[in-house]
Amino acid sequence: MNSLTHPGAWIHLDWVLVVVVAWLLIGLAGVLALRRFRFVAVVLFPMGACFSVLLMAVALSAAFASPEVAVLPLGLPQLPFHLRLDSLSAFFLLLIGGVSAGVSAFAAGYFRQGEGTPPGLICLEYHVFLASIALVVMADDAYVFMVVWETMAFSSFFLVMANHRIPEIRNAGYLYMLVAHIGALGILLCFGLLQANTGDYTFANMRQQHLTPFWGSVAFVLAVFGFGAKAGVLPLHAWLPEAHPAAPSPFSALMSGVMLKIALYGMLRVAFDLLQDQIWWWGVLLMTLGLASALFGVVFSTVQVEMKRLLAYSSIENIGLICTGLGLSLLFFSYGMQALSALALTAALYHMISHAFFKSLLFCSTGAVMHATGERSLGKLGGLIRTMPWVAWPTLMGVLACGGLPPFGGFVAEWLLLQSFLFTTGLPSAFLDMLVPVMAALIALIAALSGYTMVKYFGVIFLGQPREEKLQAAHDAGWWERMGMLWLVSGCMLLGLFPNQVIALMEPVTKSLVQAGLAHTASDNSWLLVPVSMERASYAPAIFLLGVLAAFGLAFVLVRKLYHGRMRRVPPWDCGHPWQTARMQDTAEGFGQPIRQIFEPFFRMKRHLPSAFDAQPHYRVTVEDPLWYWLYLPVARLVERVSRIVGMLQQGRIAVYLMYSFATLVVVLLVVKR
Amino acid sequence: MIKFAPQLINLFATLILLLSFAMISQRRIVSLINLFMIQGAALVAASFLLGYVTHQPDLYVSGALTLVLKVMLIPWMLYRMIAKLNVRWDVESLFNVPTTMLVGIGLVIFSFSLALPISRLSDSLAGGSLGIALACVFLSFMMMITRSKAVPQVIGFLSMENGLIFAATTVTNGMPMIVEFGIALDVLVGVLILGVFMFQIREKFDSLDIHNLEALKED
Amino acid sequence: MSALGIFSQLLALVTALLLAPLLTGWVNQWRAWLQNKSAPGLLQPYRMLHKLFKKESLVAEHASSLFRMAPYLIFGCMALASAIIPTLSTDLPLSPAADAIALVGLFALARVFISLAAMDIGTAFGTLGARREMLVGFLAEPALLMVLFCASMITKSTSLTAIVETLAHRELAIYPSLLLAGVAFTMVSLAENARVPVDNPDTHLELTMIHEALILEYSARHLALLEWAASLKLFAYSCIGLALFFPWGVAEANAPLALVLALPMLVFKLAMGGMALAMVETASAKMRIFRVPEFLGTAFLLAVIGLLVNVLLGVG
Amino acid sequence: MSALFLVLGIPLLGGLVLALMGHRPLARDVNVGFSLGTFLAACVMTAQVISHGPEFVWDKLFYLDALNVFLVTLTAFVGLTTAIFSRPYMRVEQDHGKMNAPRMRLYHSMYQLFGFTMLLGLTTNNLGLVWVAMEAATLTTVLLVSVYRTSASLEAAWKYFILCGVGIAQALFGTILLYMAADKVMGPEHATLLWTGLNDIKAQLDPTIITLAFVFLLVGYGTKIGLVPLHSWLPDAHAEGPTPVSAVLSGLLLNVAMYAVLRCKVLTDGALGNQMAGQLMMGFGLLSVVVAAFFLSRQKDVKRMFSYSSIEHMGLITFAFGMGGPVASFAGLLHMTAHSLVKSAIFFTVGHATQKAGTQVMSEIRGLIKVNPTVGWGLMLGVMAILGMPPFGLFASEFLLLTTAMREQPWAAPFLFMALGVAFASMLIRVLPMVFGDTTLKPLAHPPALVPVFVHLVLGLLLGLYIPDYLNGWYVQAAHMLGG
């Protein structure tokens, strides 16, 4: 932190620290104005959003600058806080700044009077959460990384527990905190290995250490365990569908959009930057885990009946796809194919930033819908496009992006990922050559399924007839909420239509991690996204969109001119039935029924079929996560059994206790005598 | 007289060991206290003898201290307590007498095997008595474990203190004076507190049986 | 962006727009003949389009603007798709804008919008149709992608024009992977274009209809555009089939004369294709909706096996 | 060196004065006054040690060096804050009729004497006196544990006295053996139990005697630290006594016992040269962490749960010192400081919470945040700190501990990982419903004294983020001496 006197000479790192400190001050101001909800909503959150924009600007300029280092006086004397702003952290700061600007603006309009924890406290937890995320990305030694990593988990835990009156939310908070802490312990042990007994925890020192293949693999597995637990990769994902719906919507948007990416940042930093000699099976492990969670996530998101759980499972799916991209890049890197590794890495990074934008947009829209209707489950919504156009149309953009449809960022990411899969014929081992096309097939299936989910999400909520009477009175989103959503939509559009510029931004990142970048091929033909060579593959989203809109416009004008534009409003076609009710539409379960039928073994279903003598017969099917019964409950039962055995140690009789003391003395004497 | 000293010390040591064995197998509480008194007396005699032989005045002081405490004051308090609590019943233990004796012998062997390498090195007058002192400590430890009444446990605790003081006097000719005073003070206060406890337990459970002191446990 | 390039691009677009209804009419005619019924005229689809365009459009009371905007967008997507696919010549300036994956994305975009529009009215048929369309879509799309990957594995490129050029110049070699891909492609195109085994194009029976349920609420010019887009989709699919499996006779960039020859060659190939399609339709009966996933599942597996064969044998 | 006389004199005087007037309502404030006096004297003494390093007092009977000076200040400080906390706590207890006049008198005088014994134990140079101080500490607190006269507290006190008495007797035997070893080397006249004396000649001490001595000392003082399997008395004693007593027992007495073991470890390492002492401590430490973690998940009573958590943390500290090496010892010392600060803060909030609910059973304490936000948030932050969440000092020491353990003793890493995970899971699942959710509790008559809680938590936070240089200097010096 060089001299504070003349801001002109400040490096990017100082500006980022200014933003972090500003967030913390806003948080404190929130605590002072604990109950004054007006002040918090109108002043504090928008200020937070402005600082996010500042952070974005700083990150943009820092992306191309050389890495900057700073040492803060905090922390243990021999272990002060080292911070470093290199291109990788600049990219993630850009992601954080962009998304948090929109979400903070949305949160400003989100508060209502008298709801659960005082708004001032939420403002504190929210801004501490943001500050810790920004610091995680800049941490340059294990100690500060762990401190801000768990502060992030700590503050987001309180955000999840915002309205802790409801028992389910408490359970969700508990599960979330437990898995986060266990993951953090794993990461801690991994850093223990990486410092290779030198006692110097800075990342610079860790980069010099060359671990033996065995210890390197143990470190990598621990890192995958730790960061996977936080990112929601398959075996340790159970907390995500519980915690994200529990948190208030703007915060689940931030958690889903940004926090999961920070977990993957950690994976990136350890796998590519700190560990030196990567082994090929690391990539395969990451890819299989990624694909398993992606398929699991998308299949489960299709059958959900609650808005936010659907989006939470869809986050698991997207995280899975990103992990597959990282795994493939690691595989290429371990075989020394830098260019292909850079392509896969760009695909993963692209997917991260586009997922951050469109997922937070979708969570914000669920927030707006919940505020307007007070309903969480899809079965009780419908026809909101008429009463809430300002929420419906941005959500449509988000839905198209999440479904991976062409003009948006989601498609570009998938396109890059599929391209990188196509070039894998050069791998030395035949087994991998065979494995990778199958994985490409799975990715295509997952992308198509996510389209299915998104049609269900948008169709059941916004289209069709309102399934409840009170939906007529649903009011549209407030001004702040509209601003927040429009910011995120513009982010999605930008990512969708100008991939070359975004890839140029990522180029320094891939150069620093895998010593190769895509930018040189992408930059010479400005509109065309050409990953490797012109005749291999190219995609120009801008021209693509222009083509579709031109055809759209031409058709519209010609039909109007050649024929006419007359139109008349009539009741819909009812096929002879006298009356049409809203209940005749497909319910959320109905829409997901084919997937439930095709992917039967994935689920653990309990059907309640009405018997003939039921007074009011009703049919209910509950779909549960089988992993909960295969992994989480057995572990809980094991701990319970072991603790009962240990409990017998303390039976209360003093003679027995004296016997313990005597026996210990004798045993230790025997051990020592030998 | 001087040349008999090592034999006399060993005599006192064996006497103390014998008394510990007797205390383990003793049935009646009053005789238990008498045995404890005799053990205290043997300890006093040993420290006076050592003091005389090695011309160290503070051994006399520590002997006098033990005399006052372990032979007169504490037994008198125990008698008064028993009289007031009108405790006359005999003392049953968890195991029958033969098994306790067998275990006692095992412990003696164990403590001798432990003390052997050390006693060979120590050049002080009563090298061998370390093994016996350790044996006495272990025996009183076992007595506390097997007894199911509060008073015998207290006596076991005090006889363990005796064993330790005996080890201190014989092996290193007594501890520094200030430490001796500290130990004596602690023992005295300890007995006072145990007395207070016994009254409270008696008043709460109207019996001194340890079995009703087993409520706090992990179910 | 040579002048010839623009000309061939516009020519491709115009021929697609004009020939598509003709192809549908041709297929309907052959179906009628094969079921020894007297077939409607070859130009019947044009007359139907003209009739619909003249009518006044009836729209449901609470239909949102999405419902009215969807037909134009879908027509636009299909037009762009047929412009990209190298039907007459491979010198198409628009083709670098979208390669094979983008084409599949385009079809997916059209499918999503038609489903959303169907759900907008909120009748039972709309949502039913949307669910079935997405069910077919989510299995057909990856299968199509795998088919295109087989071809691109052989030609080391995913841009359609490059694929056609490389395949056209190769001497006539039997590619086992392309064989499997061909079978998979026919199954996928049957499902996508709502032909018989998956869905009967000219029936309104609630239980069986997929494509019809989606456009049930539309009328007049919106319905016309949707019908036209459907035939354009059929035309685009058959052109993809021709491009991948019978690429000969497509004009190159440097041979403008070949353009003249390419048109009759295209018409001939489409006629043969239409006849084959009609024969397949009359030969097979419509499947129960819950057999469709198995049907498309086999198509998907065939395509993936084609891909594996290409990797294993190394020759493709 | 008059400061040391004040540090020891004030609590002794306080004990006597309060013995006379302890029952009067004024006694609470007098108690705080004496503790404040002790704390100020300790600060003066620390300032002197900062200015010109370690020195002897009263011809070598007392010795102040890097290892015990911060412990003395810590003991005095926590003694002061506990006294402040006990003012409103004891008034509420009196209103509930659980504490009458004679018991208050006993409580106040014993409280000050207990402070005196701990400070004596820490500052004295004579290992025999250390033993006497430990025994006296047990004596002063045993009556406090049974002060409520319930059958459970009587049982707890009896077990506490008997088990600790036996344990400390073994430690006495160890001290005698130490004295014997010193006697062999320096001859009977000027054989000494002074630690500095022994420290100078520790190389020539006879290995066999020292090994036996260390075993007896470790098992003896280990009983006082609460290492498994010698821990049985700790949960009962800490849970049954009044909360200020539990806070001081859990926070400070365990540290004094650990300090005594550390003094002996230094001598043993010097004499034996091999790592026997360290391995023994690692074994005991790891066993305690694992067993205590599994005990945590069965608890119904809130104070018993936190006493098991003390066993677990003392196990971690023993493991750290067992590993040896400068980094691990530094972690151990930091963990000792942070643990006593945070554990006593937790006991303060638990004290108020149990008084509100009228019971110590966790299932009846609900929704603290709703009824009294400061107590609720205090408990929440305290528990987060004790579970090793980062901004607090405990995380810093656990960080250093786990990373060094992963490299030096990889065999222990999975056990530590499992134990910390299970402990985290079991404690959080008990505390969350207590803090969050709807409440059935009634507000307290007297406003709770929560300043100490937040002062402790801030200090705990400070240890994690910024350690003052002199404190760090001591840690490094002591770690160097311990770790070798």
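Observations on the structure shown:
Note that the chains take the letters A, B, C and D in the order they are written out, and that residue 1 is the start of every chain.
As a working rule, contacts are C-beta pairs under 8 Å (C-beta built on N, C-alpha and C of every residue); 3 or more make two chains touch, one makes a residue touch a chain.
Just so you know, these numbers come straight off a predicted model, no measurement behind them.
When the interfaces A-B and B-D are ranked by C-beta pairs in contact, the top one is B-D. Taking the mean of each chain's C-alpha atoms, the chain closest to the overall C-alpha centroid is A.
Centre-to-centre spacing of chain C and chain D amounts to 79 Å, using the average Cα coordinate of each chain. With centres taken as mean Cα positions, chain B sits 70 Å from chain A. Averaged Cα coordinates give chain B a centre that lies 31 Å from the centre of chain D. Averaged C-alpha coordinates put the centre of chain A at 43 Å from the centre of chain D.
In chain A, the residues that reach two or more other chains under the touch definition are 647, 649-650, 654, 658, 669.
Of all residues in chain B, those that touch two or more other chains are 114, 141, 144, 153, 213-216, 218-219. Annotation for chain D: residues touching 2 or more other chains are 158-159, 162, 166, 212, 235, 295, 298. Contacting chain pairs (ordered by label): A-B, A-C, A-D, B-D. Looking at the complex, you find that chain D touches chain B at residues 126, 128-129, 131-132, 135-136, 139, 142-143, 146, 149, 151-152, 154-159, 161-162, 165-166, 169, 172-173, 176-177, 179-180, 183-184, 188, 191-193, 206, 208-209, 212, 235-236, 240, 295, 298. Chain contact summary for the complex, chain B toward chain A: residues 94, 110, 114, 138, 141-142, 144-146, 148, 153, 210-211, 213-219. Of all the residues in chain A, the ones that touch chain B in their complex are 647-655, 658-659, 662, 666, 669, 673.
In the complex of the two chains, the chain C residues touching chain A come out as 53-54, 56-64, 66, 68, 72-73, 75-77, 79-80, 83, 94, 96-99, 101-102, 105-106, 108-109, 111-112, 115-116, 119-128, 130-132, 134-135, 137-139, 141-142, 145-146, 149, 152-153, 156-159, 162, 206, 216-217, 221, 225, 290, 293, 300, 303-304, 307-308, 311-312. Listed in rising order, the residues of chain D touching chain A in the complex are 158-159, 162-163, 166-167, 170, 211-212, 215-216, 218-219, 223, 228-230, 232-233, 235, 276, 280, 291, 294-298, 327, 369, 384, 387, 389-391, 395-396, 398-400, 402-408, 413, 417, 420-422, 424-426, 428-429, 432-433, 436-438, 464-467, 469, 472.
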